[in-house]
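Below are two complexes that have chain A in common, paired first with chain B and then with chain C.
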Partner chain A sequence: MVKMPKRTFGDDIRVALLIIIIIAVIYPIIYVVSPGWGVVLGHGIYWVIALIGFNLLFSYTGLLSFGHALFLGIGAYTVGFMYKYLGITSIELHLLGSILSSALVAFLVGFVVVKYTRIFFAIFMLAIAQIFWSLYYKFFWITGGTDGIKVARFSIFGISLENLDFASYHHIFFYLVTGIALVLVYLMWRIVNSPFGLALKAIRDNETRARFIGIDVYKMRLYAFIISAIYASITGALAANHHRLVTPDIAYWTTSGKVVFATLLGGAKMFIGPVIGSFIFHIIESFAMRFIYWQIIMGLLIVIIIIVVPGGFIQLIKTSIEQGSRLIRR
Partner chain B sequence: MIGVEEIIIRSYNIFFGASILFLIAVGLNIIYGVMKIVNLAHPAFFTLGCYAVAGLGMGVIINVFGSSPLAPILIAPPLFAALIVVIASLLIFPLFLFMSGKGDEVQLLLTYGLLLIFEDLFRLIWGSEPLRASQPYELAGSIYIGEYIVPVYNIYVIISALFVALLLWFFLFKTKQGILIRAASMDIEMTSALGANVRRVLLITVLFAAFLAGLGGGLYIPSGSVMLGMSVELLVLAFVVVVIGGLGSFLGSLIGAFIVSLLRTITLILFPELELALIYIVAIIILTLKPEGLGGGKKW
Partner chain C sequence: MEILKLVDVRKYFGGVRALENITTTLNEGELTMVIGPNGAGKTTLVNVISGYILPDGGKIIYSGEEITRYPPLKRIEKGIVRSFQLVNVFEGLTVYENLMTALFSRMKNYNRMYKLVDDYVEVSNEAENLLKLFGLIDLADKNIKSISYGDRKLLDIAISFAMNPKLIMLDEPTSGVATKDKDEIMEKIIEIIRKTKVTSIIIEHDMDIVFRYGERIIAMHQGKIIADGEADEVKRDEEVKRVLLGGIYA
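This part shows the complex of A and B:
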């Protein structure tokens, strides 16, 4: 039996779930004070799902994807098509459809791209995401082009929410995504600590050795890729239901940039990093959106984080706790 | 039936596209060859060159030289663009020093951050409307081949790119600095041990690659327009060039630029919606069959 290293708070599922639960508890108060910030928290919660999926690929498997907007786009457009052509408003079916379509696309794309690592993987993902974006854009008679597809309010368990007032509708959406996020974060924790997750880490640390002890590197990467894609597409499907509009913007490279940035902001090296990252990112974003040149801030912060605190916000907390306890001991 | 004239005009477009792609991809390759950094922000240098001419330089150049002798109006914009881009790359050179020798993800993320910054700086300075600087293009006029109109300016671009490729070859293979760059790309520690100032070689490499990208931008802009998001589109294209030709290969960037331009022209005629998808499918096929690229895997 190998002795596992001591877990820190950054690698603790209880902390991750606790953060989401705390947000869910303080949400009604914040909504009463300022509905706008309530909406921001809603964004924060369902983006956790995509970020944590991205991080499975980035941190646990060692594949950096600059094209996760591809899967957010698949999720969102699945919802858009389901409503536009089939008239489906049931959010359960939306999620199921997104999971299936993203798994299919991820299988077809991953089949080729996970053969490559590092720069090749990163740019192939960027390129494929751009290809899909251009398809949404160019086939406007199907996708509505830049005008996008309008989506009606979703129904849940067969109950239509069409006649609800806006606030209650939004509350139901918020607690629904909170529930989904809690389940998926817990599931991800089980995934990264399963034999499969450990195999991924082994591949990340040393591919040759992993192959030597009998791990099928290609297959493991492909599975991780598909899981990551499904997580991102769920965020895409929820975003479509939240904005009630699907436009090519969600599949554009700047969305991929947000995924990468928010994960780094929280700290990619720890499990709870993306969870925190999602909330910090959306809080910063809603301040910075007033300043329209917000990509500059994002780019500068990426550069600063990489140079000064590669571990992101989590590392910042950790070092300040260590410094603090050292001061107290003295 | 495709007539002779159409073949001429198409191949002429292919050469024009290839010239532009070559000027971007070769810089990407030189930086990769020496520093092992894939500079995602490299196409932003090209876009900066375009913006510098369209948003600033062309007006100044027209004012200074007037429009009667054609030569200064053709020659000054690319040089002006290259100058601006070299200055910009000088400002971010410390980041390149920081990145060299760091892990892949550090390099990818840092240059990606730079790309974001560049794209938004363009929006901040020049707004989100497409910009043009077509005076040289118009002044150069056009000739007729059969019923097709051929702009003379594009011929000038092709000839300039060929000239730059020749100069580049001379610089890399016949001058001392070029030999140092090639040496550093093969074994940077050994080069340093032999007494070369490696930091200076790195500086020259980055400035030189930026110079080529800026030159390309200044050459391209009179015949087209520059808009936001162009850097990413070019990155996606330039990367195919590099993949097809082989990372870090000088000859590869020539071959790759030509093939990608050829593919673009063909797909734009046959399936305009699927242009990028088809180019990438070809790139993946080439990468599967010949992982070292068509440049023969040779470094230079």
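This part shows the complex of A and C:
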């Protein structure tokens, strides 16, 4: 029987899950040595979710969004509003609220925006994200403006974590987001390897042909857009609980840039690229931020990556493994 | 039995009359070759039947139902399938994945998100049968970029057949293919059309192929049908001779 092409390690779900599990295993050691790096790993874990969601749209559907901060903002502000106006601290409800609100916004925005492709889609998304950012920024009596909204420590399964010491609270948060990331990465892998994923790739490659074999291109793009938005909003919701403060920064265009950058850094063409990209980005960012002109370092880095390894770190790893095995065989 | 009827179908592009009051019928299981010089309106004819563009006037009736303003998706659901003049496959997928995509689409499974492609055994078996039918089985796991243009053409047509068409329209299925491979590809296509008894419209420029395989031939010129009938009949038509054949079959 003919089968789907054999997956390389870059598209192997076991590798993706293994990376996250390894991070989770080494996390306690890292935290003991340097709590700051423990926090960085935490960032890395929950950003994986936004990046693989973004990559569903970018690499699998062929739509480059320059405005994914829109959905990170929706997720974060949903948490902020839920706490500020309803006093809700339950992280389960935060996640549920973020999923529902982002799905609704993605449906309304996507209804219009997925009719466009290429630069039109990218700029459209950037514009909409900036509109939302300005709403958070200007409507300060609702959103707190640049001061943002403070969020209390979350509760989980009805248990409040308010009285825990910082380290314990952070450990619980870390392993919670690890669990969520494992589930969502696995789900995304199933999505991209399902008939739906195949249809998305077909649309990406040849929209006209896809339409003339009966694929509803518009609907498929809209579904991908909504899924991608939900993933980003989950990261937004987790970031709000991690920082315990929601400010317009999360919805600013630089956040959208971070999503694109980190995905490219890891490598968009393989499934595990964004997983690697998330960790590498946060590690590099933490180093770079020690310098006053850290943005220059990050900017230079993306230029180098585009020129030297356009396939991202995963491509670099793949090439190294191939060359290494060739040398061993000799 | 009549499957497709065109009544006074018109399509203008500015001052160019691409289709001018086209009226004709196609019977079920019929293999029709459409010939004509460049700009005769052959591709426009396929475009309006498939819904790629809408006509400016006239009616298209398919299996007794008027489909003139139907979008492509609805026509495909009714079994009207086409291929394009240039190869139109999914370049980032393998040969097998191309066919699986078409099969999932036909079976309306293409929006399923959880079950893996490999778990659809029946769909996979059908893809395998199609690959065998079109002689592409050895290329199943190959990327599109690594196979020949002729094989891509065959795959393109296999994708159309995967849709289980009732009416298939192939726009120059051998264009761009090396002369030595043309006959082989056409033989394969005709064999499959005859086996499946699907109503077919084939646009073709190569007159040897047209008169060898065409059961019925429609000759077009400047947006009009100038001859319509069996091969010998069309071959003898004075206007066809003047416009198209230039004395080849005189």
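Here is the rule we go by: the second predicted complex is superposed on the first by the 326 of 330 C-alpha atoms of A that agree within 3 Å, B and C clash if a C-alpha of one lies under 4 Å from a C-alpha of the other, contacts with A are read in each partner's own complex, and residues count from 1 in each chain.
One rule holds for everything that comes next: a contact is a pair of C-beta atoms (placed from the backbone, for glycine too) under 8 Å apart; a residue touches a chain by one contact, two chains touch by 3 or more.
Small disclaimer: the values here were computed from a predicted structure and weren't measured.
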item	value
Chain B versus chain C as contact partner of A:A122, first or second or both or neither	first
Partner chain in contact with A:L64 - chain B first, chain C second, else both or neither	first
Touching partner for A:Q295 - first (chain B), second (chain C), both, neither	first
First, second, both or neither for A:K219, with chain B first and chain C second	second
Which superposed partner A:G158 touches (first chain B, second chain C, both, neither)	neither
Set of chain A residues, in rising order, touched by both chain B and chain C	none
Touching residues (chain side chain B, partner chain A) in the complex	38, 40, 95, 98, 104-106, 108-110, 112-121, 123-124, 232-233, 235-236, 239-240, 243, 273, 276-277, 280, 284, 287-288
Sites on chain C touched by chain A in the complex	50, 52, 72-73, 76-77, 81-82, 84, 88-94, 96-98, 100-102, 104-106, 109-118, 120-121, 124-125, 127-128, 131, 137, 140-141, 159-160, 162-163
Of all residues in chain A, those that touch chain B in their complex	58, 64, 66, 112, 115-116, 118-120, 122-124, 126-128, 130-131, 134-135, 138-139, 253, 257, 260, 264, 293-296, 298-303, 306-307, 310
Contacting residues of chain A [partner chain C, same complex]	1-5, 190-191, 193-199, 201-202, 204-206, 208-216, 219-220, 223
